[in-house]
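Pasting the structures here.
The two complexes that follow have chain A in common; it is paired with chain B in the first and with chain C in the second.
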Partner chain A sequence: MPPERAQPWGNSSHEAVLALIVLGEVVVFSLLGTNFLSLGNAAEVLRAATPVGLLALALTPVIVSGGIDLSVGSLLGFSAVVLGELWRDGGVPLGTAVPLTLALGAAAGALNALLVARLRMPALIVTLGTFSLFRGLAEGLTAGVENYTGFPAGFLRLGQGYLLGAIPTQALVLVAAAALYGVLLHASVAGRALYAIGFSPEGARHAGLPVGRRLALVYVLSGVMAALAGLVYVAYLGQAKADAGTGYELTAITAVVLGGTSIFGGRGTIHGTLLGVAALAVLHNGLRLADLPTEMAGVLTGLLLVAAILARRWLAGERTTT
Partner chain B sequence: MLAALAVLAPSFHQGGNWRDILVGNAPLLLSATGMTLVVLTRHIDISIGSQFAICGVVAGLLAKAGLPMAAVAFGTVGAGLAMGGVNALLVAFLGLPSIVATLATMVALREGLRWATQGAWVENLPAGFQWFGAGQAAGRWLIVAVALAVFTAMAWALTHLRAGRAVYATGSDAEAARLLGVPARATTALVFVVLGGLNALAALLSAVQFIDVQAGAGLGLELKVIAAVVVGGTAITGGRGTALGTLLGVALLGTLGPALTFLGSHAYWERALQGAIILAAVATDALSGRGGSSRPVDVSPESARAA
Partner chain C sequence: MKRPLALVPLAALLALPACRKDEAGSALTLAMMPKNKGNPYFVSCRKGAEEAARELGVRLLWDGPTETDPAKQNEVVEAWITRGVDVLAVSVENKEAISTALRRARQKGIKVLTFDADAEPDARDFFVNQATPQGIAHTLMDRAAGLMGGEGQFAIVTASLTAANQNEWIAHIKARLGEKYPRIELVDVRPSDDDRQRAFSETQTLLKVHPKVKLVMAVASPAVPGAAEAVKQSGRTDVRVIGLGLPNACKPYIHDGVVESIVLWNTMDLGYLTVRAGHALATGALAAGADGLDAGRLGRVEVRGDNVLLGTPFTFTRENVDQFDF
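Take a look at the complex of A and B:
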């Protein structure tokens, strides 16, 4: 066993570096941009970051357990479309359509769980399949063109409203989800099991851990979070289309890995993920306000990702065989 | 699974427009052949969609600059080899996990291209560019012939050349391969570079089919290509799979859209069906005793870590 495994929760030096990066971004963009350092803009960053943030939270325990879920972006789109379909075409009141959409997310997550946890198929391939399947169902249902709009104001408040005058509504959703996942991963028996499974599934099995059930839990939760992200997304933009959330899975994975979670499993934290999400969200927002080409964000993200992993390895003396 | 393909295949072939299907899928076949090599070594490359877009634009710009087609082809494939080389450097020599390294290059290359072109298409291409200047009828067959020739060469090399067998050895167990004297690291680097080159050729064969080069080409190509490879029976855990299987995978996924149209259904269900086919293919593989493997296949969740 490599010695650094003794403390899978903490690689505080990595998170300190990441926090410095976020801070550096804030300083640079305050100097470059107009209106960057304002309460209104902070709210705007939070709003824009929430859907990807929810997906990144959901992906953290999945990746910690040694798996991956590529289907979350597609499921976001599928959920958005189903919500629109139920409400507008099905005449279902939103009070019922919202829970139904979350249930759909749970069912979709359960499909991933069945194939990965029960049939023990590789998560990468299973979720690549459901990535196509969910997006395809969204496209099929809407014939590729349908766009659901005109949602009632009460629902849109979830994505556009303020609490106490300054806090965006969906920030509350993000904080609640972060708290839930923080407890799951860092303060529960199930969370410890996830680290053990990610580090060595065979070892975890021999140690008597319920590997299948623990894995099933994170994939079902991931489905629910994707549906929730879909609801927030629709409420934020006021429309539901089949292409909602395209590519979000990769942004979310980027945030998770940037946040210090090992793509091989066994290591990662929720606060690291939140820092990763913040680093990406501030970068996008700052570049736009500073009138710099937003494409720089993609290039910088790529560089940051490679640098973060190399830096972590250098800091921890970690070695990964190819 | 191969039997299932054979049963399914005839329904796609009746009344379908064979020629258009062949021409349309020739680029996909090339990218998928390269991806087969990478997956066989237990790695993955999700940056090929971005590489595809860049190579298409490079081809268009070189042609517009008045270079002869041969030089255009050289330049395009060179660009692909170089981008494959970057991935090779990150994965084989810096030891980054391939899914993360190519995620980084995917985002960086796509956004870099958008930055450089501002999303503008390459238009007003010279007459000699479309269909290689050979006219539509001959150009079509030229595309299919090039793709099939390269595919055949790669399939032969994979089973008959030392380098080809090194790919299987590296993917089965990189450490054991290294101890046996197989240059596992160089092999890993090689497959990424080869994929870059094949993918560039695919971009060229695709670009010459249209009057403009789209800057947004190849979006989502990586997942379609990986799907074709996996449906073709290549294990994501490395070391097991064939080029022929990938050909069948491309044939199945590539004919799905046209087949749906011919069966009177709507093409926008294509993606959902593609997903269902991928799931069915792996499920069949997982349930049927993990299909004729020469080594114990690991399909536990930890296997996904290898990818």
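Take a look at the complex of A and C:
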């Protein structure tokens, strides 16, 4: 999907290694697992991967720009309960509640953007704060116990339905979001600016780039994506509770870093992130189908991450010597 | 050329086959999911489940969340549906969320049980019910009457005055009292709001207001150690505590003699019965309309409607409480 000219910003050999890893997982679990290699299971992997996948897409440009957004998992939960509250207790029809929830995501993202881009506070500290803030609001709104359920079938189709009998509905959301982020990061002026900002924010400023505006854009978008992930999550489970999406931000960051994005900014690609998400999703799914304890997923994720980073170093070293 | 280094993660994955257990091709596969894998309550359920699986030659899969993410139970069920198991048995954490996945499992021809905590009735075939309100109430009241020698005053410490479960138990306790123990009087029902500290202070008050009370019955699990501490500190050796509680929290008081006994269900038996019921369901020995089930060492257990009943609650006393760790 991303054109060849995106390559100077990424590292195609790293992605090739990652693609091999995903392929290796598929081969291993086809041998080990029961019914692993089937279209139905591919659909389930996609379904389970979508919420974290959306967050990982949103985090890619944020991390490329040298920032971080730890608040996305909490915002997912906050959006979920706000949707439930609006629809069930506020009597707002879902046709209105859904855009309102996305607007809430944008507003929450704008808060991060204001603090990071305008006031130039460190993104780690800002979003660590909003990480607690959004989860706290979700818990406060529901007293921690309220569980919104009974959503209409039309809405649940977003998370439980299939198109053409085989493609999970939310997979389309993921594909659309990936395409949008692919264009943003790899085929737009704003995307190029993000890489420059990631390499050197001061340099970018001196070069006349609108650093504040570009950063604000990715944080606001990140908020919208977290709210979107919240909608998909609610439709998938059929319930909205304050603990929705707990810990998802770390899984998403793991996928992004696994995908070759430098945590220090300046490097990373959307297709790398998608491969990172796939590597984690296939691993979790495969372990279950192979009747292996899911705790192994933690260990193997750690190994994969370290191996991927070693591979990147080695490839980078090789490139400079040849 | 150092390129083969990239194959390290692949090699790690390829080493996985070594971890796989041998499986008998035709054995019945029963997948069982606790609410939380680390909770000692479910660890002891698993012991019983494995015992039944060994007896029946059932291949038992045991997996569940290790964290509080409500999406995890669904993911595990979806994976088991794809994997293809014969029976699913779930202790439900989020009723509405899991029911969707369980209904899909039933559509695919998988037999579905719930145990410990139920899903929506149309999402499973049977619920393995660990205790009926009547069973709990009768066991508690009979135990109390025995300790009191059939006469005198007692009081109840409940969760909150509006708690639905507790009020149902108390109604059954009162019914049993009226029916069998005319010389015993229930003098007070005090709330504890499911808080050990509150149970402690309410019991202190209780002992002052009703000095003739011979027994305190605590019907919420945090209330048992709270009430026991109050009785212990009052120095009243003539007052005993019984209740519905968890063994670990009550162990010291049971060994002290302040708490004579606590009533709950035997968690190992719950796991055992669930696997037995799952096997019976898959082989056709248990079907809608059944009124009983042969459950191995538990004998014949009652099936009431779509509930498989574990039977009379289990009484933990000084003699047996140390065998349990939850």
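Please note the rule applied: the second predicted complex is superposed on the first by the 309 of 322 C-alpha atoms of A that agree within 3 Å, B and C clash if a C-alpha of one lies under 4 Å from a C-alpha of the other, contacts with A are read in each partner's own complex, and residues count from 1 in each chain.
Everything that follows uses one rule, which is that a contact is a pair of C-beta atoms (placed from the backbone, for glycine too) under 8 Å apart; a residue touches a chain by one contact, two chains touch by 3 or more.
Every value quoted in this text rests on a predicted model; they were computed, and no experiment measured them.
Visitor: Scan A:G136 for contacts with chain B and chain C and give back first, second, both or neither.
Guide: After superposition on chain A, A:G136 lies in contact with chain B alone.
Visitor: Could you tell me if A:W314 is touching chain B, chain C, both of them or neither one (first, second, both, neither)?
Guide: After superposition on chain A, A:W314 lies in contact with chain C alone.
Visitor: Between chain B (first) and chain C (second), which, if any, makes contact with A:L237: first, second, both or neither?
Guide: It touches chain C, and chain B stays clear.
Visitor: Under the stated touch criterion, which partner chain does A:N35 make contact with: chain B (first), chain C (second), both, or neither?
Guide: A:N35: touches chain C, not chain B.
Visitor: First (chain B), second (chain C), both or neither: which does A:H284 touch?
Guide: In the superposition, A:H284 touches chain C alone.
Visitor: Could you say whether A:S188 touches chain B, chain C, both of them, or neither, answering first, second, both or neither?
Guide: Neither partner.
Visitor: Can A:E295 be said to touch chain B (first), chain C (second), both, or neither?
Guide: both
Visitor: Look at A:M121 in the shared chain and tell me whether it touches chain B only, chain C only, both, or neither; answer first, second, both or neither.
Guide: A:M121 sits against chain B, while chain C stays out of touch.
Visitor: Could you say whether A:L20 touches chain B, chain C, both of them, or neither, answering first, second, both or neither?
Guide: In the superposed model, A:L20 contacts chain C only, not chain B.
Visitor: Overlap of the chain B and chain C footprints on chain A, residue-wise?
Guide: The overlap between the chain B and chain C interfaces on chain A comprises residues 293, 295-296, 303, 310.
Visitor: Mind listing the chain B positions that touch chain A in their complex?
Guide: Residues of chain B touching chain A: 43-44, 46, 90-92, 94-101, 103-112, 114-115, 174-175, 185, 188, 223, 226-227, 230, 236-237, 266, 268-276, 278-279, 282-283, 286-287, 299-305, 307.
Visitor: Quick check on the complex: what are the chain C residues that touch chain A?
Guide: Listed in rising order, the residues are 2, 5-10, 12-14, 16-17, 19-21, 61, 63, 66-71, 74-76, 78-80, 82-84, 94, 96-97, 99-100.
Visitor: Tell me, which parts of chain A touch chain C in their complex?
Guide: 17, 20-21, 24-25, 28, 31-36, 38, 40-41, 44, 47-48, 51, 147, 149-150, 156, 160, 233, 236-239, 241, 243-244, 246-247, 284-285, 288-296, 300, 303-304, 307-308, 310-311, 314, 318
Visitor: Can you name the residues of chain A that touch chain B in the complex?
Guide: Per the stated touch rule, the residues are 65-68, 70, 115-117, 119-126, 128-137, 139-140, 143-144, 197, 200-202, 211, 215, 250, 253-254, 257, 263-265, 293, 295-299, 301-303, 305-306, 309-310, 319-322.
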